[in-house]
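Each chain carries a letter (A, B, C and D) given by its place in the written order, and its residues are counted from 1.
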Amino acid sequence: MKFFSDNAASVHPRVWAAMQAADAPDAGYDGDALSQRLDAAFGDLFARPVAALWVATGTAANCLALSAMVPPYGAVLCHREAHIETDEGGAPGFYTHGAKLILAEGDGAKLTPATITAALAPIRKDVHRVQPHAISITQATEYGRVYTPGEVAAIGALARERNLWLHMDGARFANAVAALDCHPAAMTVEAGVDALSFGCVKNGGMSAEAIVFFADDLAETVLHARKRAGHLQSKGRYLAAQILALIEDGLWLENARAANAAAAEIAAGAGDRLLQPVDANEVFLVLSPAEAAALRKAGFDFYDWTAPAGAPGAARLVTAWNSNPAHVAALARAIAAL
Amino acid sequence: MKFFSDNAASVHPRVWAAMQAADAPDAGYDGDALSQRLDAAFGDLFARPVAALWVATGTAANCLALSAMVPPYGAVLCHREAHIETDEGGAPGFYTHGAKLILAEGDGAKLTPATITAALAPIRKDVHRVQPHAISITQATEYGRVYTPGEVAAIGALARERNLWLHMDGARFANAVAALDCHPAAMTVEAGVDALSFGCVKNGGMSAEAIVFFADDLAETVLHARKRAGHLQSKGRYLAAQILALIEDGLWLENARAANAAAAEIAAGAGDRLLQPVDANEVFLVLSPAEAAALRKAGFDFYDWTAPAGAPGAARLVTAWNSNPAHVAALARAIAAL
Amino acid sequence: MKFFSDNAASVHPRVWAAMQAADAPDAGYDGDALSQRLDAAFGDLFARPVAALWVATGTAANCLALSAMVPPYGAVLCHREAHIETDEGGAPGFYTHGAKLILAEGDGAKLTPATITAALAPIRKDVHRVQPHAISITQATEYGRVYTPGEVAAIGALARERNLWLHMDGARFANAVAALDCHPAAMTVEAGVDALSFGCVKNGGMSAEAIVFFADDLAETVLHARKRAGHLQSKGRYLAAQILALIEDGLWLENARAANAAAAEIAAGAGDRLLQPVDANEVFLVLSPAEAAALRKAGFDFYDWTAPAGAPGAARLVTAWNSNPAHVAALARAIAAL
Amino acid sequence: MKFFSDNAASVHPRVWAAMQAADAPDAGYDGDALSQRLDAAFGDLFARPVAALWVATGTAANCLALSAMVPPYGAVLCHREAHIETDEGGAPGFYTHGAKLILAEGDGAKLTPATITAALAPIRKDVHRVQPHAISITQATEYGRVYTPGEVAAIGALARERNLWLHMDGARFANAVAALDCHPAAMTVEAGVDALSFGCVKNGGMSAEAIVFFADDLAETVLHARKRAGHLQSKGRYLAAQILALIEDGLWLENARAANAAAAEIAAGAGDRLLQPVDANEVFLVLSPAEAAALRKAGFDFYDWTAPAGAPGAARLVTAWNSNPAHVAALARAIAAL
């Protein structure tokens, strides 16, 4: 009964089917019919013209998008616990050719205009200090928290005011949209987001993520940078097929709702143990070493997490599109019974 | 009847089957059982301990390997028509942080000790000139030519003498091994090759290539660089599955032999039109515009190629593991009848 | 009466004289007799063989040294207020091709084994986290504080234990040596420092800093990197002349002692206003806006500084090798009289 | 009697005087009065508003300018024997973060629209090929040849047509202007040049070159990049002083004329030995080993050069602003007498 992460879950059958339907030879790279359909498919999703392209990983998606936003001598502002800061092996430094990350605070790994402003305040406008060129936020956040459209818009307004691009790392974007039940445009382009890493791998895909550009001029740069990074696969149609299978018939939201519901069920019995409100598909719990051991003995697998001050220990539990309902129910009962 | 390239061919059924067999969740990234088996599987293939890892593209394979061989202030020597020079969108410059490519000559895109020596001769040993640190050769070459083990060994000896690493871009390595019917170790590690980009995508795979390191200390660097390049996929087991399906039961050679045989059949009737001996699965032909149009009218698709001096035109025809025998025969007849 | 910084002070007459004595043509770049003397001259200073080379700025010195210590996918640990983090315009990211800076704490911009260990603790040893490869400390620090040889040695021991290189940014190294009256080797090579940026510009030089390598294999890399960074000046003899003028006859310590003494005189009357002990040639004071205005009205120029919590304001005053004794005395009196 | 290079000649007395006049403390970096005067001084020289800044070397000047013109995934076209290709230790790759150099042909290291067009012709417009973004020409060239304003304008027109920036490496720009006796604007901005590396070090300066931007938006980028490259010296006034001493009273042309006249005198007796017309201050000669030895025995120092096909040997002789007239006359006689 694995609750390690959603990033190694099985591939959804409809995604498999779409990949197999793409098996007939077509033009290489992104010249095939499926890849060529991405702009329109995402355009439908966001109700406006967009430019969209596939890559293999969220790291590549995030860093390619950022590389179009920030010059090598510039900086991207992100949360101190943002994935790009802590878990991408320095990929932002690689793709941006050495730009800096400016780290800001915020509960639940959520930035706010106030924390962004505080992080920017000490940066004199001169060449000795690295100047910010973009903000990156994660939706849902690294703590499974969700920005409302209004919260994104407040950051978007600040970004515009400061002449900064706004990037959204949407590795779990589907979970956030499902949680808020809002239009995907409302928490992105209408709130000032210029580029979105649209996650598929954690949501039933195999090896494809999308980058969606609302600001058109960024995409052209990324087409070159993607090739240069060795991310332009010759059989790109198999990546496009995955993405289209998820977005063209609503599968992305079905999957995300299932994962969210499982997390909510686990959280329901966790009471005061919850370290963060459970907005999406991640549950962070206070858990003593003995309690963690007991759960593991009962067959539940999950990661330990850094305990906050005063807590005896902590854990992270992640649900996926295919979390087994019986396992989820058993885990919820086990936690409630601790 | 498409003879554009082998790089967009369908995925072999046994590769599909292996991917589907990998669908059960396992550890993320390269911690799964399949990824963990790569070193041993390639160790069996090359009859010695090696380190092997997957990436999504040949460009990433080549450039990651080179990035471990050359410092940013150094250079890699390659053929003037090497894929890394002409078709990777500047990826070597990205992965090596700006190292140079030193271009050398050679018929059929094959380097020789003499052409390598000639290219290195003008490089004074001082800090004003960029110094070579590695040689990269392509097997089979960009013109479908094959280096014999002895030819590789001669380059390998030169590399050792000059204290240079030796990399082999084996996007069509299987075709070369099939063509020579030699042990894969004989044309690589035993001939002085330090790292090999082992191609799968052109040979029945979908989205996985392997990098095989014979010089152990290079692999550690590349593990970090792969992550940093956004090439460490979280569901890496699907890539490992493809590679293992190809190499563990000899499918890689079956597929390559089929492609080579198809090319040989086409070449058989081409006579003096051949611009290069057909060693593997690529056929380069003199073809006038009228002849090319006639073939296309007959239903054959292929790329035009730069005509050599004196020729009215040229074409490249590439066969794949699944080239349709009837199409191949028809093409052979059509060419012979021109 | 300027107390802005020591970095724009006049050039010492003996430095001028040495430059003019170098005016006869000699070999270009670093092939001239003076440049060739640097290794030996610094070898005498540090009482052991070293490799030394000139560059134009402290930023280049720091970042070239670090570039030889850390791979692009690695990190350098430094203080949160280190010059390389806050004031070099992202140069470490440029020279290291995107390596990260890991920020650690410490009073007066001084690192300790404890603060270093705390900063390293959360970094799991895997490819998702950027791994540390070096530590950089500043001597004297950005707050004019000095590490004792024992303090450096404790950091050096930690560095060795963790397999990290140790770099010292010695933009004001002379002031630190003068303050402690110790042998320069005692606070560097004997304490585990592998490379030192030896500052000259703030200490009577014009346009030359030295990088001194105690770990020999680093220098070879930097010779290439210096050229590649456009820092190998063709008339390098004028840079070597400056450095030799400072170090061969003890001028570097004379100048530093004069600057330190001036700072001590200013500090003597400052009492509780001092934000940091005045170890070298920088004085950080609590100063209300009104007091700052009064000093400026009296003709003293200096920079405002970020006030610590609870303070009405703060200022930084820096003395130099040629601080006018009358100005210094006047400033000391003016501060004491506030 | 040294004719090695102009790059290690003595500093002109008026340049020394200007540096010493700059000794009083002023604002740091480029905030001083002299640095602030550069835009206006070069504006006068080129008869229009320009942006100008100092750096320490021609390599830094060239590569900073190019870094503002070409994205990391792009390319700069230059001559096969351009200094940026052969003698800058890979600095273009460093400053541009890995952009390529596309090499073109041309007698005397001079590009022409035809050779540029030929080099660009094979570059398909797709992401697999690195796309050109700029052209760089050297004036006077690496063979001491000079482009006429009309020749530059023809290249400038091609650049505009192809949407490419045009950079001029003017390490010996003064010699070219002196040779043609034309207005400096005529062979730069009026001919389509966007940025000029204006050389001073080879022409009586010590350690300062200027970058002059005719296209205003490039300068802002370079201000950041210069700092990031460690080229923003804190005592920048000494660099500005050198440049102003050369350009404000015509010294740059006096010095260049002297060097050119010396080269012309040497060339006058060289007859058929000349490998290139002597347009500026470099003389390339056919010289057998025995002849070279004879000249050296007579006290003349110079570099051997790569002999063209059929020649027994070759040499390069370079004159400088202060070439000793007696030495020049003696050399001219010695060559004529061979």
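Simple rule for what comes next: contacts are C-beta pairs under 8 Å (C-beta built on N, C-alpha and C of every residue); 3 or more make two chains touch, one makes a residue touch a chain.
Since we're looking at a predicted model, the values are computed, not measured.
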Shared chain contacts [chain B and chain D, defined touch]: A, C
Count the C-beta pairs in contact for A-C and for B-C, then report the pair with the higher count. A-C
Note: chain D sits from chain C at a C-alpha centroid distance in Å of 34
For chain A and chain C, what's the span in angstrom between their mean Cα positions? 42
Euclidean distance of C-alpha centroids - chain B vs chain C, Å: 50
Shared interface positions of chain B, touching two or more other chains: 72-74, 88-90, 93-94, 97-98, 127-128, 224, 227-228, 232
Chain A residues touching chain C - in the complex, by the definition given at the top: 72-75, 86-90, 93-94, 96-100, 122, 127-130, 306
Chain B-touching residues of chain A, taken from the complex the two chains share: 2, 4-5, 7-11, 16, 20, 23-28, 32, 55-61, 63-64, 88-91, 93-95, 201-202, 206-207, 224, 227-235, 237-239
Which of the residues in chain D come into contact with chain A in the complex? 71-74, 97-98, 127-128, 131, 221, 223-228, 232
